[in-house]
Structures are given as structure tokens and as C-alpha cells.
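In the two complexes that follow, chain A is the common piece, with chain B as its partner first and chain C second.
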Partner chain A sequence: MNTTDIQIALCGSAGDGTIAAGDILRNAVAAMGYRVICFDVYPPEIRGFGKCISRVRITKEQTYALKRQSDLLVSLDDSHAIPHAGEVRTDGAIVYESKPVAHCPEGSHMSGHILPGQIPYGIPLRELAEKATGGARSRNLVVLGVIAGLLGFSPVPFQKIIEKKFAKQGAGVVSRNLAGFQSGYEAGQNTFKLDNVFCVPMESVPAAGKVVMLSGNAAVVQGCMDAELNTFFGYPITPATTIMERLATAMPKRGRRLLQTEDEISAIAATIGAGYTGSRAATATSGPGLALMAEMLGLATMAEIPCVVFVSQRGGPSTGMPTKTEQSDLNAALYGSPGDSQRIVIAPTNVEGCYRCAGKAFEMAEKYQTPVIVLLDLYLSNRYETVTLVASGPPFNLNANKPLRRLEAGEQYHRFAMTEDGVSPRAVPGDAGCMHVVTGLEHNTLGRPNDSDENHTAMSHKRHSKLQGALQHPDFTVTKRIGHSGRVKVGILAWGSTFGECLEAMFMAHAEGISCAAMKVVMLSPFPIDAVTQFMDDCDHVLVPEVNYEGQFAQLLQGLLARPVVRLSRVPGSPMPVELILGEIRRLAGAV
Partner chain B sequence: MSLMEKPVFVDEKLQEVRESGRLEYRSRSLPTWCPGCGYFAIVEGLTHACNTMGIAADQSVVVSGIGCSSRFPFFVNLFGFHTLHGRVLPVATGIKTANDKLTVIGVGGDGDGFAIGGGHIAHAAKRNVDITYLLFDNGIYGLTKGQASPLSAIGLRTSTTPFENPERPLNPLMMLLSYGASWVGQSYAGQPDHLREMITQAIAHRGFSYLHILSPCVTFDKTSKTYTNLSMKVRRLPPKHDTSNLMEAMTQAQDLDNPAVGLYYQQFRPTLSDTFDQVVALSSGEGKGS
Partner chain C sequence: MVAQVSSSASSPHRYVIIGNGVAGNQAAEGLRERDPDGLITIITNSRMLFYNRYLLPQLFRAHQDWRALLAYPPGHYEKHRIRVLRDCWVTAVDSRKRQVMLAHNEAISYDTLLVATGGRPYLPEELVECRHLIHPFGTYEHALAVRKALPENGSVVMLGGDMIGLDLARTLLDLSYRVILVTHENTFWPHQPVGEERSKFLAILQKMGLEVVDGDAMGGVVAIEKGAAGLPERRVRFRQGGDIYGDIVMSFYGLSPLVEFMMKSGTDIERGLLVGTNLRTSDPHIYAAGDVCQIWSEKDNVYRFYYGHRNVRAMGAVAALNMTGGNEHFSTTQDEALFQNEQGHIDSPFWAYD
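Presenting the complex of A and B:
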């Protein structure tokens, strides 16, 4: 069996078209039937000379994370790419500019940094671009051609995507870009090839379900649309903005409404206002926006109003690192509101999970009449994966409201009536005779202000106990154990985007004969104590890798379960390195 | 103008109110305001307007913020949403966006609207959200027992300005007019008939209507916005006032010493719902601008 597994890193300066080239590359290979996982790193500025890297991992079967080592590094700007020369594996290759436009001071050209065992491909990228298109701007297309030619990919999928991508800019731009691609393709085809590991053509396109390539944020949007999101309110903030941008195109086409509000407070306020009327409503933000929404989320808890908030985390605190990933808003998501204000918090671990969590979030918000936070992070929001869509249509319940009984003549409607499961049948404006007031004040079953001790105790219990039902939510994977069954030396407990890296590390450890298993925890509040305890019982050591400084998930585990765990907390601004997790697994298993 | 033009007998008045149907719009909860508070006249005005206009109670929502005035939803028999301090307008915008069949009335005090919630007014006015915003201006924070508000008069002594308030008050009507509110009016709780009429007109307007209601706080302001002072100072807009002339409206709004009551300015333009419909049409390639 051939195991195609190629990782390509494109590196350039902001404005070089690095990310655009990466986008064409991943779309083209996905169209050929390969599975991809991709992640771009870019600076917070639009131009200026920040570093951009687009990494694409191309495989036959879906993988869970990027590899630390790339097989091919392509430099569009040596000053940024040189520090990454070391990430190319032995027998891997580096493509770089062979005819720089000016004299290079010593040490500033890639050729001086290629390590023994790496294969240098010096190609006159600028010259090729100028010859083919009359300008140097299409260097990124030339590079794309070089990659395709070098790896033996068919040029057709690339050409199709280039045509589509630039169609709006006119025929001239399309033909120039195609010419740039073609000249690079020829150069790539005609150059020497020492290592045939690159050239593993895909025999046939696998046909199980419809395979699409989506970013995490695009999957969130797809989930929202399939769950019939009705109204959306948002305020731009990296890395959540693309959720609103995509919805702004998709929603009006289905007759739905989206409003860009004046700030995050208004965004959540309007979301709650819309939720109050029975509309499926959502907003999306990042950590700073979540902080502004804290007070309003408490209102939704108190007034028992469904609403969904997508939070894509970035480096913090404060403005922090807007274009770098981190998992440091867990505490804010769990606890960031006045009073005892538990809500549902779920965190998908991959792009497919973004789709499922987005759709299920509406179901849970409606069913339990509560805010639901879907916790993403920049790494998950912006990474692309190929996802297989089920053919049987959207798997979401489009009305999860508890049925409302008709009132008897003269009967007064009790909005917050006590029930066995804590969920009261909800009337919304327009329901005949059901006039009532909802409030952020503590209230009795009618919704009237009431601050007696008995009432506050009973209502606090109602608001918390109703959420427990979410742990048994049908069709929703609250936790999932993967890896060796039974007793294991090392158990990995992880949440969010880091779980992919944990799986990669676990499989590498399996290959080394280490007994280990991993559990992903999707639901973070209410917490699946039983399932996690059971898993921990099976493990000699429990390792908790997460991308934050404080070990927020480890703290949560220790607070709830009072058991020792081994923390692996790092804040590199990038995904947790697989090797680091593997190193910890080896150490704990006593293999080193 | 005196508050009571003729002696009123309680039984007679009750009979009249019962027969009018206004009680349908009153809730079973009694207002928690101090006796003599101007807000009683506003509840009376709103229930009267609802009754006159035949508004369906179960198709209407009163949205409020936090403060004395914001307890309002509990005292009327409509759907009510008592939200957070300063957030009347974004919540009301969300409600109207999700269901534009509802009659949505926002209520709040001067601190709620112009201090903590000041940033939202411009945007609700700009978008022309089809809601009515009743701003209860007593120039003081009543529920927290008498601190200065952004509309407190210069020189007013309050618990947070014990020597005197050194700041000039905002001019809310000027702000609303320049924000582009499509209906801007002012009334006074000491003139209940005028107030009823203005609330009715404000609700009837299609677009964002802003009604500024001068209303004394009898407990915490004994010197500034009192019935005595306001009844002396308040005047009517001139009979020939042109409500389509923005500059004329602004000229009238300059006068804070002798505030004029009446409709300052009215404009008819697409509401937020209309713009949503336009976006839907554009997205399917039907409409090409308007």
C-alpha cells in the first residue's frame, strides 16, 4: 500500500500571495481526491513585511494534525523562510529564488542555509514570472506551478481553480496567472528529481460520501445554515470574522437576516432579543468580545433565553496576539458572568466537529433554554480539512422546544413553572394570552421579581439541574475514547483543537509499543464527570496537553475530580508540537 | 396649567377607566414608584395609547433597561423584557429583526439611555429600527438613591455631586436629531393629555421614534426638574412649527431653559426591516438598489 503523506510549507512576506497560493494548492489537491489538513500563519497587518506561512499536508487517509517536519519548503521571501529551513526533513526539498534581484549580503540567501541531506531547487522564479506575465507579481503562481510539476500532479485541477479564483478580475488576470502557473509547471517538470517519494499519483477518487474541503469557520457556517439559523448579529474580530462574512452571503439568499452591530455588547443583546422571540439566533466573537458579552450572557441564563455564541480563541490576555492561536478562554467561557451562571460550553476538536457542534448548539440552546458557547480557536477556525458529508441530509433537530400547553380560560401563564427536568414550556411574543415579563432580576414562576431565600434557592437549582440533561443529549458525542482499550500506561485527556496533535502523538506511541489511549472531552459544561472518571481509572498516568499557560482544563479536571494529572501547558502561539506530547508519553510510560 | 382642572371622585374615575378598556393593558402588579412620581402618567399614557390604537397585547413587547423607569414592563399587561442597564435598544433591535410583526416599545431612564447606553442610540436611529423609544428624563438616578445623571442640571446637588454638579447636561433632542432619528418629540408627565397623544403618535410612526418625557423625581430632586419648575418653564412648540424641517427642529431643541413639547421632526424613510428585505432581494439578484 502506498502511503502518500506530503507536507508542503509555503513561506513569504505579507503581500507576496503566499496564503493565496496555499489556498489554490489545497483546493486543487482536494479536488484530486487527496485528504488535506492545512493551516496558515500570518501577521496581524495586511501589508508590511510580516511573515506568512501556508502549510498543506496531503495524504490518502484523513490525518489529525500537521507534521512538525515538512517535506517541501517553498520560499517566496528568504528572510522569512531561512529560519524554517530546519523544519524540512532529510531528503526533503527546498524551492527558492535562484536569481535574486539585488546583491545578497552573506547569509541572507536560502542557498547558504540548506542542510546536508536536503535537496535544493534553485529556480529563477522572478525571471519566469516576468517572462510569462510581464511582471513579478505572479511569482506565487509560478511557485505553485513548480510544486505541481515537481510532484507530478496533473495541472488541470490547478488551472480550473485559478480560473475560478480570478474570474471576477477579468480574462487578462486569469490568462496572466495561468501563464505564470504554466511556466512554473514546466520548470518543475523539467528539473532533476532525486527523490521519487513525492510523486505518488492518486489512482482514483474515493467515492464514500461527498468530500468537501472546509475551514473550521466555514464548517460552523454550514452547521448554522443546516440548523436553520434565523438571525445573526456580530461585530468583526479576528479570528471569528469569517463566520460573519460567510453568513452575510449565505443568509440573505435564504431570506434570513444578519446585522453588523455597533459592538459586541449589542451583538449579544440583539442575539438574546431575537432568541427571546423564538428565533434561532447566534453571534460569533473572540476572547475580547466574550469579555464584553459576559454580563449579557448572565441575563440569558437568568431569563432562560436560548442563544448561541461561537468563540474563536486567540492569544491573550487583552488584545494579545490576534493572529495566533491559544486555548486560554476556557475559564472565561465557563465562568465569565456575574453570579452562579452555568451554561453549556462545547468545544469541537476538528473541522467536522465544528459542523456538528454548530448545529447541535441550536438544538441544545432551545431544549435547555440557555446560552450555549461553542469554543473554537484560531487553529481550528482557520485550518482546512477535507470532510465527508453524509448524504442523508442535515442531522439536526429543527425544533427542540418543549411543547407549550394551551391555557385554560382565565389561567395565568407561568413562564418559569417548576417541572421535573427544570425546563419550563416557553411562550414567546405572539403566543395568545401568554403575556409575561422576563427579567434579569431573580423572579418567581410568573417572572415577577422575588428575592426571598426559598425562591432564590429553588430557582438556582432549577437553572442548574436542567443543564444536566445535556450530558445525555442524543446523537451528541460528549466524550470519546480512542486508542488501546482496557488498562493503559498513559491516558491523554484533551479538548479543542489540540486533540488532533494528541492523536498523532498517540499513534506514534502505539507504533513504539507504548500502551496509551486518548479521550476527547467535547462538552466542558456541564462536565461529563462519570465518563472522564471511568477513563482516568484505566490510566496509570493522565496527561493533559493544552495551549495555554495556566493549564485551565487541568485545573477544571482537578477541581471537579480531585485527582493528579500531568500538565503539558505551552503558549507558542501555534499548535502544540506533536513531538512534545510524544516526549511526555514516552517519559510517563517509562520508555526513556 | 394646573394638574387637576376639576375635582375628581375616585369611584367616578374608576368607572370611567373600567369602561374605557384601558385596564386590559394594566398588569396585576402595582407600580413600585414613589407617590407623585411622573412615571404614573407615562403608564397611563401608554395604556391609553394601546387602547386607542387597538394594539394586541400579545403582539407587543415592552423592553426596558435598569432603573426606576425600567420597572415599567411589570406594570403593563404586554410581553415584557426587563434587560440590563443601558441595553434597551440593542435588545429591541434583536426582537424587531427576528419578528417585525411585533409592536416594540423601549423604555428607560436618562442614565440608562444617555450614560451607559449612550452608544446605542446613534445606531438605532441610523438604522431606523421601527420601534418606539420612550425616554423618561428625571435628571437623576432614582433607584440608586439620587446620583447625578448626564441630564442633571449644572449646579444640582446630588449624593455624588455634594457641592454642586459641575457638568453641563447633554442636549438629548439635538443628539437624536443629528443621529437621524426619523421621529423626535418631547412631552411632559405633568401634561397627561399631551403625553397620551404624543405616545400614540410615536407608536404610529413607522421607523425609529424617540419621545423624550420630562418627568419629575419627587424624592431625590427638590430643586431642578420639579413639577413647579417644569410647569412654569415648559412651553408648546409654535403652532407653525414645520416638522419636516430639520434646522427648525434643531433651533427649537437649543432651548433647554424653556423646553418645548410637541413633535419636533418627522421623516419617512426605509426602516431596518425594509433594508433587510432589500438585502434579501439583492442577494437573489432581484432588486438593484432602491
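Presenting the complex of A and C:
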């Protein structure tokens, strides 16, 4: 066996340090050179109850999604971990507390739920933590040590990350956590290994700083910073909050401004206001916030003001399921404003894509003078992946504004001048001689209110036609086909975070000899009709997996292209299972 | 023959078996056959499913993954709905509440309990302090550790030499290792040849290639130490001097029944759990089978142990029948005498595995 592909699930209660342990684990293995994908699930509550799971997939080669089955489950709280015991594969292992202090009611201990094909590793986690540190708080570090010891990882990358992570809390905390880790490490090393979960050591370790571990939201922030985002207004909402939190740390250091507003209406209004003044501006929210922003987004469309809105979707409608993932805000993003208010909507499919889409969103907003919505979802926002950084500077054009022509003496500035591509040269307040009116009312080229039928028709056409340019936006992947070329039995069309699961399923189908290809559609508005039509023409069957109930993307496809597609719409609150997609591929290919 | 169904789907009978060995597994199978709806739970302190320990010496011939030694594939337990709690230590049985207490602070309730915990290797008092210098040999993990510690053509000092040890010894000799047997009254355990017969079998062992040291004549082993530099790893010291050396030391003094956790249960215990031929203990809800129990022998007028695979399996089957309302009696069908086989080697029904 010369490959590595293992998935570890850490499961505990809020307050057990489960997510922190997952964080150290993924950073340590990334430092060793492995590719990593992780996704944390945590409760809406802060501490004391609610389930936390951190799943970490560690591979030698790049992969695209988590696996349905984990190789190792580590329980910090059996009441939460027991329902996940079945997720461990045969010959995989389950690590759990063998000496709980409290009495366990019958059936509440993990040992009673381990299937015959799985390997039980009862370890006295609390006792080890107490012996090593004098308290049970570092049980999560003990667990981390057990994992590292069991899998034969070097302890050094873990130790370095522990030192860094806890440095601010003082030397005592660092040394206690290191001692906890060490005692777990020895226990893991001394455990007689019965499972068959192996990690092949990496031959080469990436140069420091070349490969980074980022969450989707962190990548968005990195993209914003590299695109020189200047002003950000936001109101916290899961799962978008961490975008604002991270920007709040990063922006002031570079002299940029961030303001937490009183609500989402205020946030978008301020963003549009800043955009109007020429400041590069953005906000971030989730479905309920997007609903509140709908009217203001219409203003940005009408007044042709660049602004970027990051929308991280969660289970809806309404407050819905704040800590569960879903892709059900597509319709709201595409159509959620009154009037004919088309805007650009793009949806990255992985963490690296979050970075690129974030930066490109500003380019597009400025180039086409329009709101741009970047559609994320909880799975993508919170998922961590190893990302290889580009060697040269940020790949974004920071001067995408259509240049202003010098006005002739006495010439009047037409802010909404009709041009071939529909984009008018834009002046911002203060540009000499460029005084103009900006309003939400329909207006003429000068910006003055005008509701004549000819004007409204011409302006509507202008506002829509200029967006078509985005389909050829430089250095931007609007769609991408992967997999078998030419005619295929099954084509998978997907958008957003689900595309990773689609790729995994497609590669599994390839291994079974099924001819199939997948296309990701990153730009959802304006819609790349030609590229998608061409792809559909190549496929006997088109499968559209998405995590929403209505099949919103499938509806979009059918509305625009009037072609039959096979819908695979599910709302489990979690990513679409790869096996489900694979099952559909097999069925469509006639392989079952 | 499915003669009796003692529980219904609405209130299934809870059978708990402590021990995942030959007796426990045979009983579990029998219980399932007799009571399709019963809840069957096996509890074991081992992390592994039931595997064939009789085959452990074969690991010296060729390494085998432990999965190859499993008596049943994992699917067997799922198919028969037998729950196996592994890595769980039973610390006590509360016969009043009918609960099995586990080391991790959980109590498992039973309607009928079978104790099938077998035995642990017996170690004479004077050697307990040197235990860390002795290689145990009861599990797959132990066998791999011995294999690792033993250099090619290396030497093993085998203390005692019960039939488990002698089984290993014959394999090691075959593979050109040196085996130095230090005799003890438990040599040949569970057989007890005496006088001339014992001498005859010792002579056969020598012919087979074992180096036999008369432990009694040397006053018995008093200590085991690390060998000095340039000498083999271990030094075995005798009361009357005349140390011997080996790369590893192993002890095989027979097994003693694992019953400590039953001490406060109120059931009758002598050395093992005392049972009638129906394998029921003095508590009507508790049965015992395998190496852990002493069965009443009408013939000998004593409670006695019956060893060997065939006996232990038969006990598991009888226990299952009686736990589900039957009235069966255990009687041995196994020959108990040590003998010399056609190759001139010693042989024993204890080594038969079927």
C-alpha cells in the first residue's frame, strides 16, 4: 500500500475541545505535506451541550470531498459519538474513554456500540490527562496524541502547532498541553495495532508557507485582502460571521475600515454607499440577511454601483437550521430583488475557488458596475483544505474600472452613457466636472428620472447586456468540464460545494468502467448557456445533484435550456453523500 | 434441534456471557438456535473477536494477520445478532440485582448469566517479582512479541512446560530454535504423569530435541535476571546454583481459573466456579462453562476440571441448552491420557482441535 487516504472523525460535546483538536490535527498533517479536507459540525449553542464533530480526510493526492465512511472515530463524548459508530468502516477503529468517572447508564458507553468488524481502543483518556497535567481539561490533547501515536506520525509538527496555538495563554498552558499530547502519544504508540488504518509517510515536505490550510471563509478573506477590499460593513450571522471576524482583525492593520452595522439593511446600504464613493466595498451574510438586502441590491443594480455580497447559505427558510448546510438560496440570489434586477452570481466549488471568486468578484463588480453575489454555503465556509499558494502576486486586476475619458470643455458627463458593451465610464463623487444624479428611479443617461417607455426599455437592455461580458471575464473559470471527453453515458452538472462530492463519485464511477464527465458551473448569472448546452449535448443522461429540496439549479437549467435532467435533490443538512451520487450514476449508466 | 423458545419478541430474555472463548461462543450459538428472540451479549476483555489460540505456535512458521485466526468472520455475530462487548473488563457480578459490573462504570443487566472466563497462566509466587522478564504466551500479541524477541536459532528457557508450552516447544524445535525445559510438578499439565511414566515422557521430550533440566533437583527457580554483557538476554537462577541462560524465558505452569470478579457474587467457588453436571452454579441464574468451572463428578466424588477443546465446546452447548430451559448433563467424551504417537513423539488429546 503506497497511498494514504484516511478520514478521522473526532466527536465530542461543545466545550470538549473537539474542534480545537481537529484544528491541530489538520494543521499538523498539512505541515507534513499531506493534502487535507476537513469539515467541522458544531451546535448553535456555545458550551455545555450540543454535538461537535470534526472530520479530517488526509490523503497523498488531492481529493475533493469527505468520505462517507471514516477510518477512525474518536469519542470525547459517547452520547454524541455513539450515533456515528456505524460510520466507521470495517477494520477501522474507534477510540473512546475506558475509565469514565461518572456512572454510565446501561447502553450509554461506546463499547456496546462497536460493530464486530470494527476495532475498539478503550483508552483511559481522562486518567492520562490527569496524570500528565493534573487536570482533565487537556483530554482533547491526549486524544490528539493517541491518534498521532496510533498512526505513527512524528510528534514534532503537532508539538509546534500546540506551542503556537497556546502561546498567548502562557508557558504553563503550553507545557500542560504538550504533556497531555505526549502521554496520549505514548499510549497510542503502545497500543497493539489491530486496525488497518495506515498513513504512508510523505517523501517531501512542502516549503514553509507554500501550502496553507484555509477554510472557505478564510480563503474569502484572503481573496478580499489581496483584492484590496477597502470597506466592509456587516452584521453577524452563521455561517458568514467568521468572514467579518477575520476581516476585523486583518483590515485595520492595513488602514482599511470595517464596521458592524445594526442590521443587514444597514450593512448593504453602507456597502452600496461606499461603492458609490469609489471605495472597494463588500458585505457578508446568509439567507435571512440576503432577504433583508433584496431591496437595496435593486438600488445597486439600478444605480449601477459596484458592490460585493458574500452569501453563505444554511438550512432554510427563515431562521431554519443555522448550523446545517444547504444550497437553497440560489433562487434568492438570482431573483431575490424586485424589478428586472439581474446581477452577477458566482459560486465557488472548493476552498481555492473561494479565494479566486472573492478577488474576481471585485473585478467584476467594478468592471460591470453591478452587485456581485458570491454564493457559498456552510459546508464550504467551514471546510478546511490545503491550498497551494501562487508564487507571484495576487492574480487580480485592481484597475477594472472603465477609464473616464477627459471631458471636452463644456461637455456634460453622462454617468449612464449608452456604450457598445453597455458599461458607462464611471465617475465617483469628487471627479472634476462629473457631477451627476444617482437615483433608484429609472433615469436617463445623465441620471435624471425618466420613465418613458423608450428610455426604460433601453436602460433595461443596457443593464442586462453589460453583464454578458462577465461570461468572458478574463482569467475566470465560468464552467469547467472534468472527466471523460467526448460522448459520455452520464454527465453530472453541479454548482457550489456539491461539486466535490460529484467529482469523487465520478472518479469512483470511472474505476467501475462507467463513462461519465462532470461540469461545474461557477457563474450562475449571467448563465453560460452555450457551454452548458454543449456539455449536455455530449451526455446520454444529465444528473443534477444539489442540496436543496426544490432542485433550484435543475429548474434553472430546465427553464433556460428546456432539456430533461435527472434531479438528485436532498436536504440532509449535511453534504450530499458521494455514494448517493454514485448510485444514480450507476443507475443511469445501466450498471445496476 | 430447536426445542425451546424461552423469550418473546416483546420481552426478550437477556443472556449475558462473560468470556469470548470456546465455551462462550459455543454457548452463544446454542442460545441463538434455541431462542431466536433472546438478547445475547458476550463480554470480553480482549479487543479481538474470538480467535483460535491453539494455532498461535503456527505464527512462528509464517506470519499471519490476526484476521486469519478468527474462528468466525465478524459477519457471524451480526448474522446471529450476538452483541460482543470487547475491551471490557468485568469487575463484579451483583447476583441480587442480576447485573454484571464493568470497569468503565457500566452495569449490564441479565436474566441468565454464563461465566466462561477460562483461566490465566499460573505463575509460582517466587517468580511474580520477575514477571517483567518473562514472556507471556496467551494471546496473538504475545506470540508476535515472542517472535520478535527471539533471534534466529535462538534459545528459549521454558519454565514448567505444560501442554500449551510443549505444543509451542515442538514447533520451535522444528524451526531449529533451542528449547531448554526446566521441569516442575506442572510439567505436562493438565496431565499428571507420575513416577516412571513421567520419566518416560521426559525421555521422549529429550529425544524430540528438548534440553531437559530437572528443576526440582536444582531446588527450583528462584530468580530471573537480565543476562550480563556478551551473554544471552536472560539468566535463570536456581536455589542450588547452576544458572542457565536463554534469549527469552517463558513460563508454562498451567492455568488457574479466572474467578476473582465472582468473589462477592455469592456463588460457590473452590478453585473454579462450582457447578453440577447441568453447569448451573449455586445461583439458579448463573451458569459456568469451560476452564473456569469445576464440575461435580459422581465417579470421583469431587468437583473437577475438564480441559481440552472438545470438553469445553460440549460445556458451552450444554450450558446453552440448560439456560433455555433444558435439562442436559455434561459428561466427558475426551480421552485424558498422554501418549506416544507413531513418530515416537509425545501426543495428547489436549492438542486435538475440532
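Convention: the second predicted complex is superposed on the first by the 582 of 592 C-alpha atoms of A that agree within 3 Å, B and C clash if a C-alpha of one lies under 4 Å from a C-alpha of the other, contacts with A are read in each partner's own complex, and residues count from 1 in each chain.
By definition in this document, contacts are C-beta pairs under 8 Å (C-beta built on N, C-alpha and C of every residue); 3 or more make two chains touch, one makes a residue touch a chain.
The structure displayed is predicted, hence computed values, not measured ones.
Engineer: One more residue to check, A:I492. First (chain B), second (chain C), both or neither?
Structural biologist: neither
Engineer: Using the superposition on chain A described above, determine whether A:V521 touches chain B (first), chain C (second), both, or neither.
Structural biologist: Once the two structures are laid over each other on A, A:V521 reaches no partner at all.
Engineer: Please indicate which partner A:P116 is in contact with in the superposed arrangement: first for chain B, second for chain C, both, or neither.
Structural biologist: After superposition on chain A, A:P116 lies in contact with chain C alone.
Engineer: Contact-wise, after the overlay, does A:A30 reach chain B, chain C, both or neither (first, second, both, neither)?
Structural biologist: A:A30: touches no partner chain.
Engineer: Pick one for A:E262: touches chain B only (first), chain C only (second), both, or neither.
Structural biologist: first
Engineer: Which partner chains sit in contact with A:M459 here, chain B, chain C, both or neither? Use first/second/both/neither.
Structural biologist: The answer is neither, since A:M459 touches no partner chain.
Engineer: Report for A:A9: first if it touches chain B alone, second if chain C alone, otherwise both or neither.
Structural biologist: In the superposition, A:A9 contacts neither chain B nor chain C.
Engineer: Looking only at chain A, is it chain B or chain C that touches more of its residues?
Structural biologist: Per-residue touch count on chain A favours B.
Engineer: Applying the touch criterion given at the start, work out whether A:P100 contacts chain B, chain C, both or neither, answering first, second, both or neither.
Structural biologist: Once the two structures are laid over each other on A, A:P100 reaches chain C alone.
Engineer: For the complex, give me every residue of chain B touching chain A.
Structural biologist: 29, 57-61, 63, 66, 73-74, 77-84, 87, 89-95, 97-99, 101-102, 119-120, 122-123, 272, 276, 279-280, 282-284
Engineer: What does chain A use to touch chain C in their complex?
Structural biologist: 90-91, 97-106, 108-109, 111-112, 114-117, 119-122, 192, 194
Engineer: Note which residues of chain C are touching chain A in the complex, please.
Structural biologist: For chain C paired with chain A, touching residues are 47-49, 66-67, 74-78, 83-88, 102-109, 141.
Engineer: Under the touch definition given earlier, write down the residues of chain A that touch chain B in their complex.
Structural biologist: My answer: residues 230-231, 233, 249, 252-253, 255, 257, 259, 261-263, 265-267, 269-279, 281, 295-296, 299, 303, 429-441, 448-449.
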